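Okay, handing you the structure first.
Chain IDs A, B, C and D follow the sequence of writing; residue 1 opens each chain.
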Amino acid sequence: MDNNKGWREQLRIIIFQTDTVAGRRFDKTLLLIILSSLVVVIIDSIESIHRDYAGLLAYLEWGFTLVFAIEYGLRLYCSPKPLRYAFSFYGLVDLLAIVPGALSLYYSDAQYLLIIRIIRMLRIFRVLKLGHYLKQANYLLAALRGSKQKIIVFLATVSTLVIVFGTLMYVIEGPKNGFTSIPIGIYWAIVTLTTVGFGDIVPKTPLGQMLSSLVMITGYSIIAVPTGIFTAELANAMRGEQLEHKCPVCAKNDHQPSAAFCARCGNALFPKDENKA
Amino acid sequence: MDNNKGWREQLRIIIFQTDTVAGRRFDKTLLLIILSSLVVVIIDSIESIHRDYAGLLAYLEWGFTLVFAIEYGLRLYCSPKPLRYAFSFYGLVDLLAIVPGALSLYYSDAQYLLIIRIIRMLRIFRVLKLGHYLKQANYLLAALRGSKQKIIVFLATVSTLVIVFGTLMYVIEGPKNGFTSIPIGIYWAIVTLTTVGFGDIVPKTPLGQMLSSLVMITGYSIIAVPTGIFTAELANAMRGEQLEHKCPVCAKNDHQPSAAFCARCGNALFPKDENKA
Amino acid sequence: MDNNKGWREQLRIIIFQTDTVAGRRFDKTLLLIILSSLVVVIIDSIESIHRDYAGLLAYLEWGFTLVFAIEYGLRLYCSPKPLRYAFSFYGLVDLLAIVPGALSLYYSDAQYLLIIRIIRMLRIFRVLKLGHYLKQANYLLAALRGSKQKIIVFLATVSTLVIVFGTLMYVIEGPKNGFTSIPIGIYWAIVTLTTVGFGDIVPKTPLGQMLSSLVMITGYSIIAVPTGIFTAELANAMRGEQLEHKCPVCAKNDHQPSAAFCARCGNALFPKDENKA
Amino acid sequence: MDNNKGWREQLRIIIFQTDTVAGRRFDKTLLLIILSSLVVVIIDSIESIHRDYAGLLAYLEWGFTLVFAIEYGLRLYCSPKPLRYAFSFYGLVDLLAIVPGALSLYYSDAQYLLIIRIIRMLRIFRVLKLGHYLKQANYLLAALRGSKQKIIVFLATVSTLVIVFGTLMYVIEGPKNGFTSIPIGIYWAIVTLTTVGFGDIVPKTPLGQMLSSLVMITGYSIIAVPTGIFTAELANAMRGEQLEHKCPVCAKNDHQPSAAFCARCGNALFPKDENKA
């Protein structure tokens, strides 16, 4: 019994932690298996490969599903609070990595849901030196959070532009030039405003081409807006340690990093003598 | 009479204000109706849907126009200064949301003007917490205002480039390769410079392809210009906490950031000697 | 004689200067004529218009050429140093605005050279409030000058990438898939790297598509480089008044704008007492 | 013998160094030959030129290979440590510039490997004033190094998006609309997300077009991320003038910008009291 508990504890350390050699090896192996399973799904979709190796690939996929099922079982078994794990983000993702394999017995398209296993690749950041990446990702997230409201204003503007331009193009060009409905017009406006420009639908009337030119220049110019927002916020987040301490005399804040004296009134920002006295 | 006035006042609060529960509910309902009316216009343009549901959708559209007409009437009725409302920006937009519905009796294309109702969606910012978004939109507008003259210089340069490149391509490629006129050449130059690249008109002569390469690299490089302008201005606008401290001598406020002496009278804003004495 | 000289002087003020009412009116009229002359060249290239109005447009073009010739003569006549004007930038542009009109008698394509008149539009900045735009254009030019060497490094890298990728695609895809020669491969690489993507030549082999993906992601990522360079330089140029004055005690420079005291050692950057003594 | 040594030394100075007139002339001639050799490879791939001048171009190519072989021999001969040169980066590149010429006797495609000679063009920076460009390239590299981890996070996100979107499009559109396999779907997702938009494969079902719109707007928005990262880092690299002043107590230099006290011993770097006394 005691022995059993020790074995469970040891298994938990291997499976859930990354600071032991065995734990890192386990995570690396797991990543490799996830990657292989993704590759199998992807190459199975290629006609010529499916024709020749459908059987082999199906066996492999079943094998992977089995491995993941066993792993899921072990995680439940050795977790101190199995229910909490089962309903955590990672727990649900681990479950979702198994279910489609079972479903694909009944619905043949379900196997493509296996691509959801890609989310499990997030564990890769646990294997790499986590701290560094976490800090960088935090900078990016801080910048995104800081620019959320500006981004909403921006997206609302873009949506409005796209609907108006799409409708106008539908009225101007009409179904005979490929703009068969307003939704198609909106799709075209998105293709054009984002400077993707597939070319499957193109304006053919002079008026339509003039309006298109306007849409393109708009798209080319407003690409500056999200970039500007994000850059300004990121610079802010990285300059973060920019001194927030208020000058005790003139209350100025936003000093240069590691400033010792207020750049405005020349008084010490952190009076030393008082401190020492 | 008094009761009537009270009822009008209550109606005004519901319709024009958003800080009561009823007012917020009214605005939310209105937004939903506007959105539905837009969706009806959009899906009515899809051939297969129009064939089957033209009648139903026409009834719905009439219903929405009626609702908006009643709402417009109520706004006029309960507004303390009806004329001022009628000629305000929102008043005109509200009127424009009704007129196309009536016009579409005579001109069938007029119904697409209904898309103008999208402007009414601007009210959405009244329902969301206005203050936050207003501040963010102000930052964006300040950045745009600050970069106005730079943007004009930039747009003038782009226009010149586009006209010169378009004419050159017309001369080089000629009508047999799709460049049927100078305006078409300019249209192509815009499509290429903005990196949209539809591919409906492409250079076919070696000289044309060399010039195209130049246009593309130019477009790829000068995309940096509006982004740079906007980012620099936005960073400025976000940093720009103009000094609100009053000068102890002449009481001027709104100084430059980290100003130490008043820009008007030259006296120290935060006297140092006094402090130390 | 004296009267003649006075008349010449008055003419010079009208033609060459913009600070009198007559001078501004002259420049505005000239801009209008230049614009009209450009419009005539552009619309004359449209097949259907050329068929019906070729004669009228030719007369108009001749009229414009005559007007510009007279204007050029007057400029030479009333300029205090005619030769200096004739060989100045504006003088040469003014001459070039006339020559193609005469050439087009012999070579019919020469009329498109008339598009060179667009350079005369530069005068527009003289009519607008010059000062403001000049300052803004100076910021942009300063940023460009500052980033010149970085841009050269960047363009050298892009050229190398484009040649290598173009050659690889020619070897991989070959003439049967549209990559008929290395120059065509390079043209394709430019189209793809700049994210224009015409779609006239596209990879068809799996290997070619994988390499294309690499080219596209490279292009998508390195668009950041010119933007970053330009933005950083522009921010520098705009922050230009960032204090270059060295602290008399610790020699620190690069202070916050309008800093009065050194943020590092707290000493006054511009000692006032000494000054007053 | 002594004379021989002097001659070798003189040759070494000409070939390996750039600060003598002869050395610079040698490097410039070499660059010209490399460039010519690249041009020959490139134009030889054009069908019409190859038909008429194949013989001449082959002779030229052989000539260039001979010149490079002699140059390589001389470098080995006059280098003080031939082996060290042979295995240095430049030594290997110089060897690679010869080998494909010999290989092309047996494999006709090997001649395209000659394009590797472009790497030799790196020497161009030795001819230009090296110092300036090196400093600028260092700024760019510092910015890239600083943003390495953020870029990895970004690329991981993009890869995930591209695989998920590609699979979804394969399931939604299917082989009949050109999405013949998941790899093709991923290729399409890259083409679309990077805003290249060839248009060789386009969505045709309404659901596919909606998902495409999402992909395009995502691509259009996240272009901000690498730009923002790079700009913020570059601004940092350009601002970062680390303090070179030695601490008067412990002599540490290389302090943070605007540091006032030594980070190692805590003493004031620029004592204030002494100054005032």
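Simple rule for what comes next: a residue touches a chain if its C-beta (ideal position, glycine included) is under 8 Å from a C-beta of that chain, and two chains touch if they have at least 3 such contacts.
The model shown is predicted, which means the values in this text are computed figures rather than measured ones.
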| item | value |
| --- | --- |
| Same or different residue numbers at the chain A/chain D copy interface, by half rule | different |
| Selected interface, A-C versus C-D, where C-beta contact pairs are more numerous | C-D |
| Whole-Å gap separating chain A and chain C, where each centre is the average of the chain's CA atoms | 40 |
| Where chain C and chain D are represented by their mean Cα positions, the distance between them in whole Å | 29 |
| Numbers and ranges of chain C residues touching at least 2 other chains | 183, 186, 195-199, 219, 223, 227, 229, 231, 235, 256, 259-261, 263-267 |
| Chain D-touching residues of chain A, taken from the complex the two chains share | 38, 41-43, 45-47, 109, 112, 115, 118, 121, 124, 132-133, 136-137, 139-140, 143, 151, 155, 158, 183-184, 186-187, 190-191, 193-200, 219, 223, 226-227, 229-231, 233-235, 238, 256-261 |
| Complex contacts: residues of chain C adjacent to chain A | 195-199, 227, 231, 255-256, 259-268 |
| Chain B-touching residues of chain A, taken from the complex the two chains share | 149-150, 152-154, 156, 160, 163-164, 167, 170-171, 175, 180-183, 186, 192, 195-199, 202, 206, 209-210, 212-213, 216-217, 219-221, 223-225, 227-229, 231-232, 235-236, 249-252, 254, 263-267 |
| For the chain D and chain B complex, residues of the former touching the latter | 195-199, 227, 231 |
